[in-house]
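Naming follows writing order (A, B, C, D and E), and every chain is counted from residue 1.
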Amino acid sequence: MARIGVFICHCGTNIAGVVDVDEVVKAAGKFPGVAYATEYKYLCSEPGQQTIKAAIEEHNLDRIVIGSCSPRMHEVTFRKMLMSTKINPYMLEVANIREQCSWVHTDKEKATEKAIDLTRMAVAKVCKSKPLFPDSIGVTKRALVIGGGIAGIQAALDIADAGYAVDIVEKEASIGGHMVMLDKTFPTLDCSACISTPKMVEAGAHPNVTLRAYCEVESVKGYVGNFEVDIRQKAKYVDHDTCTGCGACEVKCPIKVSSAFNQGMCDRTVMYKPFPQAVPSKPVIDALNCRKISGDGKCGVCAAVCPLKAVNFEDKGEIITEKYGAIIVATGYELIKWQDIYPEYGGGRFEDVITGIQFERLVNASGPTEGHIRRPSDGAEPKDIAIIKCVGSRDINKGKAYCSRACCMYSAKHAHQILEKIPDGSVHIFYMDVRTPGKGYEEFYDRTREDGANYIRGRVSKIFKEGNKLICKGEDTLLGKPVSVEADMVILETAMVPATDISKLTGILSIGSDTDGWVQEAHPKLRPVETQTAGIFLAGTCQGPKDIPDTVAQGSAAAVKVCSLFSKVQMETSPIISAVDREKCSGCEMCIPCCPYKAITVIEIDMHEHGKKVKMNVSDVNSGLCQGCGACAGACRSGAIDLKGYTNDQILMEVDALCL
Amino acid sequence: MEKVLSKDENKALAPKIAEQSGVKLHECYQCGKCTAGCPMAHAMDIMPRQIVRYMQLGMLEEVLECKSIWLCAACGTCYDRCPHRVDLTALIEALRHEAKHHKICAVREVDIFTETFLGNIKVFGKSQEVILAGVYNTLSGNLLQNMNNVPHMLRHEMVKPEIHGVKDKEGVRRLMKAALEEDDK
Amino acid sequence: MSVNIKEGWEPKILAFCCNWCTYTGADLAGLNRMKYPENVRVARVPCSSRVNPQFVIRAFQKGCDGVLVCGCHPGDCHYVTGNYFTRRRFMLMKKLLEYNGIDPNRFQARWISGSEAAKFRDTVTRVSEQIKELGPNVKFREGRWS
Amino acid sequence: MNDIETKLRETVKRLLADHTVRYVIGWEATRFEDKTRPAFISDSADTDRLVWNKYCVSSLAKYALDEQHSEGKIGICVRGCDSRAVCRLIEDKQLLRENLYLIGLPCDDKEMNICDTCTHRNPVIYDELVGEPVLERQADRFAMVGLMEAMSADERYSFWESNYSKCIRCYACRNICPACNCRACYADQERVGWQGKQMNTAQNQIYGLTRTYHVGDRCIECGECERVCPMMIPVMLQTRKMLKDINEMFGDYECGLPDGRAPVLGEYTLGDADDFM
Amino acid sequence: MMKYSYFPGCSLDATAVTYKRSISFVAEKIGMELNEIPDWNCCGATCAHSRGKWLALALPARNLALAEREGLGLDIAVPCASCYSRMKHTVHAARKDEADRKKIEEIIEMPYLAKSDVLSFLEIFALPEVMKACKEKMERSLASLNVACYYGCLTARPREITGGISTENPMEMDDIIALTGAKPIEWDFKTECCGASHQVDAPEAALPLIERIFRNAKANGATAIVTACPLCNLNLDMREEEINKKSGTAFDIPVYQFTQLLAVCMGATANEAGLHKHFYPAYDRINDTLRRAGA
């Protein structure tokens, strides 16, 4: 007969405040198989764990039930504790009498009765538990970083410096992401290119880093430590091994299209590098607009001009399959398409109403206007500039409910840059709040006001054009008066939204995304850079709006998670996996289609049937591949295949215990 | 003397009116977009945003005695652009009913025009522009208002002497009486 | 089949919740101190596809008044295809139970994700009210009632 | 002595003579004039015991399971439903097609009520056909289920409760059913806690419901379970309900056909019917 | 089939004579049948809904019930934006809440099932079928006329009640005007309110609303403003002279109804289109444009 120890936790008043702990302990004492039942104020604390260990010795217990917070919180803690006792860590059941009992009920008597029921279910289940021992499998010591922005680059460099191989997959023709588009970064105003291009070059040159620019992830199979990823190398039409990046072809290319990197404010050739400091600094052909490839074919200047004959119009791109141990999602953000949702700001009809990133390109020395602030409509230098914040953010009517975090600071930076480059210019910033949560942020805001930026508290209701002036109608809510500003140019600080194809990627990786489409982190406070799926981490704005300091910090954090995974020679696998009882299995193979990880195969074994040696086909589970979902156990009619830790008899006992 | 918010007796009345018009007062975070877009804001004594602010604090008399709720043109711009979908048009409409109930109207002419217009319908079932203008000018005291356009209207038979009212005048009258009884409950 | 409901009778409802989505959602409901009736006892399973339809019949046999099977939204399953099988199994099982006379509200299944704490509370509240209305379950029940 | 019977006997004699098969499973007469029983003919002299009349109703396919691990072929006389039973056993990986020699016999309507709704009188697979194929008939397989569905929940419950209260748990329905081919049936695993051994109405209902669910998506509608049930419980009404739902939700579906469509519970599509949103 | 129940509204018999004439001319030309609702009453406009909720719902409800009683089962065409808005509110309230519908029936003492829909003239003329019919009847062109299409506020707002056109930058009238060959210009005050509801009881407060509409139209090169509502039209047309005097502006932008332009292009004489009945002289602008376009 089992000798079970039941330990009910007070959790201070979190549980004891609603559930009558003594009542539960008294009832638990009477359950079949329970040798000892007690309670303690904080079981997860060091002294708490000591009392359990002492009770195990004293009462010669062989199974433990703990009534406390959710097993998702401290099951791991209690299992670690049991490792230093004679009890197998998996001879443990946790009854969730806090998150799903005391915290959600008010009626003390009914909550106590429910806590007793939950404890009785846990005891019934632990009666049927068996000792389990983890297995271990190899880890591919190679990481994959999806997204080549500053988050991806930082993560890749940290992993590479730790001595592991890492691939960066970037869908554009060069890494750098949004940061390399910026001119200066707050609060220190150091030039964005000066701090991000060295990192890009370092990533490009690092022996452990493999750059896969102009690539996209097609499919991901496998599990932590053993991912198998198909990467589509989009057709570049230029052989980057022979090409030296001399740029002769770019100059001669006759066709010009709008440059996405410069936010459509100038053109680029079809044979292009996104920007001068691109890494890899070799051009690709934009096939859709190339006359030779998808036009009438009457061109080919680039091939003719190229000294090394590196241009190849037949390039079809290819699928590269690689094995990785861990994946970091760092796909960044995009700005919300304000033109479709804010017709009252002109809906894109006014050329001089631009977004923050477009202004960054205007004020950037390598931008279309070499750093001189010029209006897109007529190229004149704008004197009066209006900046409008929270366009698309904090707006459940037309945009997103959340605050995009970084716009308060970079709008102040924009104001500073304008007043610096246009001495006799004026800046009016329409704001609701100025949120300056970082180090040196508030001082930066003070300096901006000192430079002469006018902060007007109130949201702009309408922008319209009269003559060549853009009139912004707002209200100064501190005065309580409607006000308007006649501006030469208006900058809208638009909301950050997830990258457009993020839902395709979360589908491929089968990781969750929240209601707004951002990648879902495992726990907002305790595990911010991990996803629900083991071995897949995240970094930067793919998880939600944030500024560069937080993005870089998350990049390094994700890298450390990967390195801790790779630091182990073998990776311990969870013992909660399926196993086949060969006596019962009739080889009907109904379990095989249910397994998402293809972990079940049919093998031929020798059996004794009516005294005769016979060959029989039975199912067999590959302990490395099985992730313990139990779909096979749910499909097997005779219960031949069962999930250890959640066996059929355990669950049936749990169901019976509930109904006593 | 400053306003003692905790003691105000009809603090409960303001949320009731808001709830009646389907507006959740707490949703407004005072961003000012309604005032910015309001076409009549220049003529108002307290801004549309401030109307919601007064209601949030339960200060109902100031709102009932202000001119703003009467000068609102009910064009719906504020509700359409509000980032938190606060239906200011419905709130001001409910405030007008409440003010009418307390016999308060800061813009006398609006009240006179409304009563004359409704009186017109009660009598003829349709609005007779000539009679409406005539009665309104006498009651409101500015006798010569719009008189400069009358010759043009007469020349182009925009205004005709004969009255084309509704046949079932009694039906319309009963309808209006029943509706007003329902409103004044 | 009218059964006099003793006053103060509280229905016993068993909810199989998948560890990665609904159980997390239930914990989140606790984190936010949401309130819902006490009748539901949650049994944690790694994936909703672990729930063998036999467990549901077993629950009714042993005296549960209502059974709820919850899992991730199709497409969000932590184990990729788990809930596609759950969907087929329990779409058929639900119709078979109704065909055998069990009231449709007694057995329900819902997709509840890790962030839908409110949906978990509302589902639990609605199911508790529906079962309270139906009274104790005597169908398939072994033991003192049959 | 109709000519099919004589042709059958000659065929079996020939097969036994040239050792194509080790023995042949067929039907033979019994002392009751209206009953036949399965016959295992291994000696060519005994072929005269074989009969073919409207009383040859019992299903023969499952007896082949005893030969799962032995060498050499065995012959089976297969009507339409038997051939589907063989397909069922092959698909469940319990038999190998090459170990069987199927003697096809187009069925001439055995006056069983299940035969009214039979859609495959001619054998779906066979090695040799004795007699000419008969005309297939369209049949509404789910008419009775429709009637049951029209009843109210309580009426249906009391109907099934009264039926299952008669069940004596002899497991004949399981033993005859070609879809019930598990080595260790759940009902025998009382210690695991699946199903009690007691014979009370609740446990009988649980057994009935579980067996329906287990075979529901693989049932070939041969009606043997109903025929062999000593207590005349309408077991087919249960499995046919599940087949009706499968047809409605996952496209028309018939089991035991050589096209080998996988059992419905073993696959999924993204657009499956879903009321659980 | 272009058949509608028709609710003209009080202003059509009075100040909106230009709209009435051009509607009947265009309707007859393209074969659109408008069955006037028998014995219709005033919809109450702004005064009803500022006096009481049920008064605002009941007055339009009587007209809708009368149309329903006729049994034609047609949608109701409403030329005036204010009547359109009030009727839409009633239909919305009746469909959304059964108890409200029953109470409305009680008040108007007539059955009202809110079956048929209410359409503004803009929505009707923007239908592809009607557009095609108008296109076929075009005889003359207003090629060089730059038109600022003014939609007014109640045709578009509130969104969930009208459920129709964009509340900031609608294009329906622009497409209709384009049929006549005139060029609909891009401007920013398409749906900004003109203050018609306060034209009588707060004229000085309402004046600036009209001025800014003219100013933006002129700034964007409009040589004519076109409306689709008798109230907006009267308010802009009657006040243009007054604004020029008071603010010293020199706006010279006549205000037409969109049906007037359609009528002119379909061969209507100045009288049939009511071009002489404008407060601000409007005949010459059309005449010169037609001559320049070689009519």
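Worth a mention:
The working rule: contacts are C-beta pairs under 8 Å (C-beta built on N, C-alpha and C of every residue); 3 or more make two chains touch, one makes a residue touch a chain.
It should be emphasised that the depicted structure is a prediction, and the values quoted were computed from it without experimental measurement.
By the document's definition of touch, common neighbours of subunit B and subunit D comprise A.
Here the chain-to-chain distance from subunit D to subunit E, counted in touching steps, is 2. Most remote chain with respect to subunit C, judged by CA-atom centres, is E. Among the pairs A-B and C-D, the greater number of C-beta contacts is found at C-D. Of all chains shown, A has the CA centroid lying nearest to the centroid of every protein CA atom. Rounded to whole angstrom, the centroid-to-centroid distance between subunit A and subunit D, based on C-alpha atoms, equals 53 Å.
Subunit A and subunit C have Cα centroids lying 31 Å from one another. Centre-to-centre separation between subunit C and subunit E, using Cα means, comes to 57 Å. The distance from the centre of subunit B to the centre of subunit E, each centre being the mean of the chain's C-alpha atoms, comes to 23 Å.
For subunit E, residues that reach two or more other chains under the stated contact definition are 167, 192. Residue positions of subunit C touching 2 or more other chains, listed in rising order: 53, 58, 75, 81, 85, 89.
Shared interface positions of subunit A, defined as residues touching 2 or more other chains, are 344, 462, 594, 635, 648, 652, 656. Remark: the chains found to touch one another pair up as A-B, A-C, A-D, A-E, B-E, C-D. For subunit A in complex with subunit B, the touching residues are 344, 394-399, 432, 457-462, 473-477, 480-482. Of all residues in subunit A, only 70-72, 96, 98-100, 103-107, 110-111, 113-114, 117-118, 121, 507, 510, 512, 514-515, 520, 532-533, 576, 594, 596-597, 627-631, 633-635, 643, 646, 648, 651-652, 654-656, 658-659 touch subunit C in the complex they form.
Interface residues of subunit B facing subunit A in the complex, by the touch rule stated above, are 29-38, 41-42, 46-47, 49-50, 77, 81-85.
Interface residues of subunit C, counted against subunit A in their complex, comprise 10, 12, 14, 19-20, 23-24, 26-27, 29-31, 33-36, 38, 41-47, 49-53, 55, 58-59, 62-64, 75-82, 85-86, 89, 113-115, 121. Taken in their complex, subunit A has these residues touching subunit E: 343-344, 346-347, 349, 462, 464-467.
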